[in-house]
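Chain IDs A, B, C and D follow the sequence of writing; residue 1 opens each chain.
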Amino acid sequence: MVDIKDFEVETLGECRVDTPIESARFVEDDDHVMFHYCLKDLQAYFEAGQTPPYFEMAGPRRNIYFDPSKLKCGIVTCGGLCPGINDVIQAMVMELYYHYGVRSIFGFRYGFEGLAPKYKHSPLELNPDVVTDIYLQGGTILGSSRGEQNVPEMVDTLERMNLGLLFAIGGDGTLRGAQAISQEIKRRNLKIGVIGIPKTIDNDISYVQNSFGFITAISEARTAIYTAHIEALGARNGIGLVKLMGRESGFIAAYATLANADVNLCLVPESPFSLEGLMAEIQNRLERRSHAVIVVAEGAGQEFFQATSETDASGNVRLGDIGVFLKEKINQHFKKIGVDITLKYIDPSYTIRSVRANPYDSYFCLTLGHQAAHAGMAGRTNMLVGYWNGQFTHMPISLAVSARKRIDPKGRLWNEVLASTGQPRTM
Amino acid sequence: MVDIKDFEVETLGECRVDTPIESARFVEDDDHVMFHYCLKDLQAYFEAGQTPPYFEMAGPRRNIYFDPSKLKCGIVTCGGLCPGINDVIQAMVMELYYHYGVRSIFGFRYGFEGLAPKYKHSPLELNPDVVTDIYLQGGTILGSSRGEQNVPEMVDTLERMNLGLLFAIGGDGTLRGAQAISQEIKRRNLKIGVIGIPKTIDNDISYVQNSFGFITAISEARTAIYTAHIEALGARNGIGLVKLMGRESGFIAAYATLANADVNLCLVPESPFSLEGLMAEIQNRLERRSHAVIVVAEGAGQEFFQATSETDASGNVRLGDIGVFLKEKINQHFKKIGVDITLKYIDPSYTIRSVRANPYDSYFCLTLGHQAAHAGMAGRTNMLVGYWNGQFTHMPISLAVSARKRIDPKGRLWNEVLASTGQPRTM
Amino acid sequence: MVDIKDFEVETLGECRVDTPIESARFVEDDDHVMFHYCLKDLQAYFEAGQTPPYFEMAGPRRNIYFDPSKLKCGIVTCGGLCPGINDVIQAMVMELYYHYGVRSIFGFRYGFEGLAPKYKHSPLELNPDVVTDIYLQGGTILGSSRGEQNVPEMVDTLERMNLGLLFAIGGDGTLRGAQAISQEIKRRNLKIGVIGIPKTIDNDISYVQNSFGFITAISEARTAIYTAHIEALGARNGIGLVKLMGRESGFIAAYATLANADVNLCLVPESPFSLEGLMAEIQNRLERRSHAVIVVAEGAGQEFFQATSETDASGNVRLGDIGVFLKEKINQHFKKIGVDITLKYIDPSYTIRSVRANPYDSYFCLTLGHQAAHAGMAGRTNMLVGYWNGQFTHMPISLAVSARKRIDPKGRLWNEVLASTGQPRTM
Amino acid sequence: MVDIKDFEVETLGECRVDTPIESARFVEDDDHVMFHYCLKDLQAYFEAGQTPPYFEMAGPRRNIYFDPSKLKCGIVTCGGLCPGINDVIQAMVMELYYHYGVRSIFGFRYGFEGLAPKYKHSPLELNPDVVTDIYLQGGTILGSSRGEQNVPEMVDTLERMNLGLLFAIGGDGTLRGAQAISQEIKRRNLKIGVIGIPKTIDNDISYVQNSFGFITAISEARTAIYTAHIEALGARNGIGLVKLMGRESGFIAAYATLANADVNLCLVPESPFSLEGLMAEIQNRLERRSHAVIVVAEGAGQEFFQATSETDASGNVRLGDIGVFLKEKINQHFKKIGVDITLKYIDPSYTIRSVRANPYDSYFCLTLGHQAAHAGMAGRTNMLVGYWNGQFTHMPISLAVSARKRIDPKGRLWNEVLASTGQPRTM
């Protein structure tokens, strides 16, 4: 059984300031979001006389930790682009400025570089006029960068600026960075809150059911899959091969497959396959229908590449390019068996990352940004804003970075994918 | 406390047939989705020694009721258009045909008219070839109609055709119709299952957290709001007024407001307002920013119209046109006080209803259609496929039609709307 | 035969300043765009010993009239929104600033109001930083207004500001206003150039084959027609009725019909019809195919309304609402003859007007804006930038406002419409 | 001076059949579209006592060559996908079927393969029901293939099927194929017309000002350029590099640059550049603005690659991949000089090719398809339907394939590109 301790969120201290914000529903101390949603799981805890694990619910508190008139906040955006970053920035600035009355908000430029003195990037002052309409564009108005910076130097910057709250929008690496900053703050006995906002277009952060930009990513994948479908139909034995994002988890590939009935094969890291099995399946499909659409997550089939210790600027292992690999292998296979095929390979990566948030994600980002502001004002730290069972939650960063969220090959999602494509469970 | 009895789903009888489908995860008898998701609500039940209420989980069963080789299924689509109907039809046909092996599936034409002999509409035979690619288009390939038909005559048709399963895609009225059909079937002691798939672009069916087409509707509303925003900016004291769907519940208006930071005022049926308060608020906004964007749900402000007993073909009370009403009132008000304004009124209704499902909804519809097929094959009847805490569920039609789902003016959603627009709680 | 005198463009005086701009192709004095494009028309002129009529070609000149370092320019945008206004503003500012070196450019706010002292609108200073990215949004960053202002007062403003060049983006009324300003300038013997940029989403300005925003308007109309098509298919005897822009000329309706094979009837002002004929045609169509899509230009069928002398703020005669009229007449007709129909009426007007320019129009607007800048710098005045046979031209405003461009019911365009819809020539 | 003989179109014989179609404007024998549009060019001819060159005007004739009731037509689509092919097919089928009354129309499958007996592809029977709605999808319903087939064998097929008219939609290679077929037909003294419809997304066919799909291609390029822009802004010294289509002619790159003000550098085959010049220009731009967007046509900079004699299936020389090449060279350059950059490379090729036609192209394709049908019925052969000065024309295939249309580096278009990007004429 999951340990309830892992769900406990750190605070800077007691909340003694009356909130200036109006709300018909403040979150109370006993507003908890159940971790489990199935009856039998819960019954086990109650029968064992234990409290089942839960998340602290996000939202505005009656009492807050910081005095808004004296508070200085900072926002930093790190890693690759993801639809909705500007929406989150806008939401946080609007909430802090209009509802809490915080008048001093800074945006650090180009990710953690903006906190490292050596780059000499001046922070951008943020206020409602600056952030008006930024949600109309993709990307991040703050700029971003990959990779770590020296933690003590970054905390020096925070001290020097007399910052009270740091909001960090970023992925796994960024969250680890935020954790390290938070620990250094604690070591120095400072009262600076650090709030993470999980950004992962792959939607692979543990205990976070939906991360912003993910639904937009699935939406945008439609164009690539349509391309593959039309190209496949346009030639005898046409094959459209689409590589989608998903380094360790194939959620984008799986959901995009379910969202587009034209996909005939979906390949993800969580469900290994043999090349023989794959070729047989493609051949089978071509014989029956004379065209095929294949979606492959970038992290699928990594077992076909030699292990490498190379990493990119974010510290991620450099993956073999499964799209190019499969393109070649499929072409070779059909050449060998004397079947003329026409394969078109589509890799839409940046196009998906750079679009603005779709309306669902704009809504999600707005609400997420508000929760981040509430959490920060209420003195929470070393935490991130999560999402569970339709509710925004608070969770320790440590819980989020403990492991990747991955598709369960025996679970509902993958079963739906198999049902939709008709592909065999094992290839 | 909610009564657990209300959640019980009817069945046609025992499931004695082995399912032909492959799955790594069949739904078991004790897979229950909790109705509550907050710890304290659950604790109350456990402390009182009661089982907390739950939904039957949707999904494939190891044993089913019908012998697929002998089964004849029918599908009917009723009421106004909603994005995703074709996706649901396609998903059900593909699942029934390929996985269960059902070879006889019919689509009734033009809603319940297709079941009423007097219209002489021949049903359309459905199979994978017919439904390939239908998800690329909006609307319904079966056609639709509004309003009721004679129930015994419709059941006569089912008997005459020797149908075993009827899937009805429709809203409140359709579900009541399906319930009536189901009761007549029971009265005649027939073994015909009736499965409802809730279709409500307003997302206002009780105990269903998300209904298909709703996310697409929010997406499409963006165009209308952008129009209003650009027109409002294009003139001195420009006002953009957008009427969105939402007869009794303002969910589309509220979410569209959260998804578009440019909205300055959101009016919904659940939060009444006075004309004086509204005019004061608009005036206030024009003085500060010289333009304003207003979103109004079609059911808002109905108290300004004289009660009427007129109904449309679906039996819904004919609403006063709040959009046209506000357009006139706002123009009059500013004329009276001598302020030149330029108001542009936008009513995108059909455009939203007729688009194809966006990718999220295509995914949702596919999965929903699969669950409907599973539920029907497993002998459930007089039920609909619901969605709760991220899980598909089975629930009695009676529970769904008992009341409308509405925005809680003291709840999270409405608080977020107020925070986003800055409008006062009471006007 | 057309008189060549009508094509002569006014100038402020001789061009004695060397242009600062680099070009591999300056326009020379004998670069003339033929008015005619058919051989036989030209032969007639040559045989009669006459020079056939031609337009002055637009483009950069080697010698210009103004000294850029001392020049002050103004831009004004008038009338309803049209896709591409911001693109034109951006192009003019970039060209004037970077290539000619003009450092003083002002945008008048809210149309001619911005030139009328009584409104006290301060002009906006324009430079590359201000106009960067404005092409990403619809509308006009300067705001607009309808209607005339006092001409001498406006010229007073120009004198007071010491303006050398005024660029006016607007339709028929605006161009007449620009002409009046230009004449008042001449009367006062000032050296201020006035350059019109024709803005008419209806594409109805004479001797201008394509006006900016028109292609975007046709594009956007697709959504409305698709809506009509899907709604028409979704019901027995479904009719989708779409009203498109086109006060006196049905170009948008005609081209949108040609761009969407689903349109079955196209009604324009240039081809009158009887209600009996129309009803018979609809009935005929419903009997054959049981659904119909009708496109009507807003100015069609005005003969069904009583003459009115009412005008709107722009001085245009207030039209009867043919869309609402036809909706009622069609419903009445089929009720009378006892045929159940379902008619959905769609009026997308503002949505079309407020979108940003599509890429073709962005290209067109950029080039158009450049030509306007060139024309102004070269001392041309009381003219507008036209487009003929694929070339940008200079033409006197008087020629443009002499008459509306209209569809020739015996010409190629209308013949193609009839061929595409299959509708009879006379109804 | 251009020789008027080159513009003469071949015919099968005299037109003795009365056309069954209704039109208010038949094309007459003396309806000629001038080749020149500038006055001085024409004057030269008239002064020399010569008739200036002209195109035969396309359109319906009063008298036609074929008896529609006995005519059998075939349509074939070859080469890569291009938006609008389905629109052209639909337009031809509708015109031939409804207006001329041709009842026997076949679509050959998979390009010229469909005419070569050895592939055994059965032709698809085409009629209004089959082509309804095909314009809603990209690609070609007939399928396509690249490369030549044996000409006598293809003509054998035409003879065996007793075909009277063959419509070939394709690019340079296809048109040469059509020419060869036409010559073989003449050699055999058969009366089979061959009508080419030029398909080139690059818009590079001589004497054809606009080819279908080109405007859509420019439209779709916007997404890729936006991606590049947002990615470039999202990083310090961010560079977005977009490769667009354009093997020998940079029209797509040039127009896409003019349509998107964010492009800072445009590279086309017609304007060679040195790597040093390019690097200096990028460096310059990064120093001033710290980000840059570069558009490169696929055929640009081919001089950097070793000459190769390799060709693809269509017989085109295999190009070096300038996109990948520049990506590496730019990265190397800035690494060498110690400047951190972040370069994102975007290659949207198939996505652009596979979309459906945008509304402008749908209109264009419809009209083009009608003209092809008219030309065929009027007994023209060995010709293609061109477009000149806004008019559809007939021209001999030989004229079209004589040379590629290319950007004139001293002409208007390239001057506009330089003005828009601010890039130097020589790098």
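To be clear about the criterion, a residue touches a chain if its C-beta (ideal position, glycine included) is under 8 Å from a C-beta of that chain, and two chains touch if they have at least 3 such contacts.
Since this is a predicted model, take the numbers as computed values, not measurements.
**Student:** By CA centroid distance, what chain is farthest from chain A?
**Tutor:** When every chain centre is compared against chain A, the largest gap points to C.
**Student:** Could you quickly compare B-D and A-D and let me know which has more C-beta contacts?
**Tutor:** The greater number of contacts lies at A-D.
**Student:** Could you give the separation in Å between the centres of chain C and chain D, each centre being the mean of its C-alpha atoms?
**Tutor:** Spacing between the chain centres: roughly 29 Å.
**Student:** Between chain A and chain D, what is the separation of their C-alpha centroids in Å?
**Tutor:** 42
**Student:** Whole-Å distance, chain B centre to chain D centre, using C-alpha means?
**Tutor:** From the centre of chain B to the centre of chain D is 46 Å.
**Student:** By the touch rule stated above, which residues of chain C touch at least two different other chains?
**Tutor:** Residues 137 of chain C each touch two or more of the other chains.
**Student:** Quick check on the complex: what are the chain A residues that touch chain B?
**Tutor:** Contacts found on chain A: 21-25, 30-34, 36-40, 42, 46, 51-52, 54, 57, 59-60, 87, 90, 94-95, 98-99, 132-133, 135, 209, 215, 218-219, 221-222, 255-256, 258-262, 358-360, 362-363, 366-367, 370, 389-391, 409-412, 414-416, 418-420, 422, 425.
**Student:** With touch defined as at the start, can you tell me which chain D residues reach chain B in the complex?
**Tutor:** 136-137
**Student:** Considering only the defined contacts, which chain A positions touch chain D in the complex?
**Tutor:** 81, 109-110, 113, 121, 137-140, 143-145, 223-224, 226-228, 230-231, 233-236, 238, 344, 346-348, 350-351, 353-355
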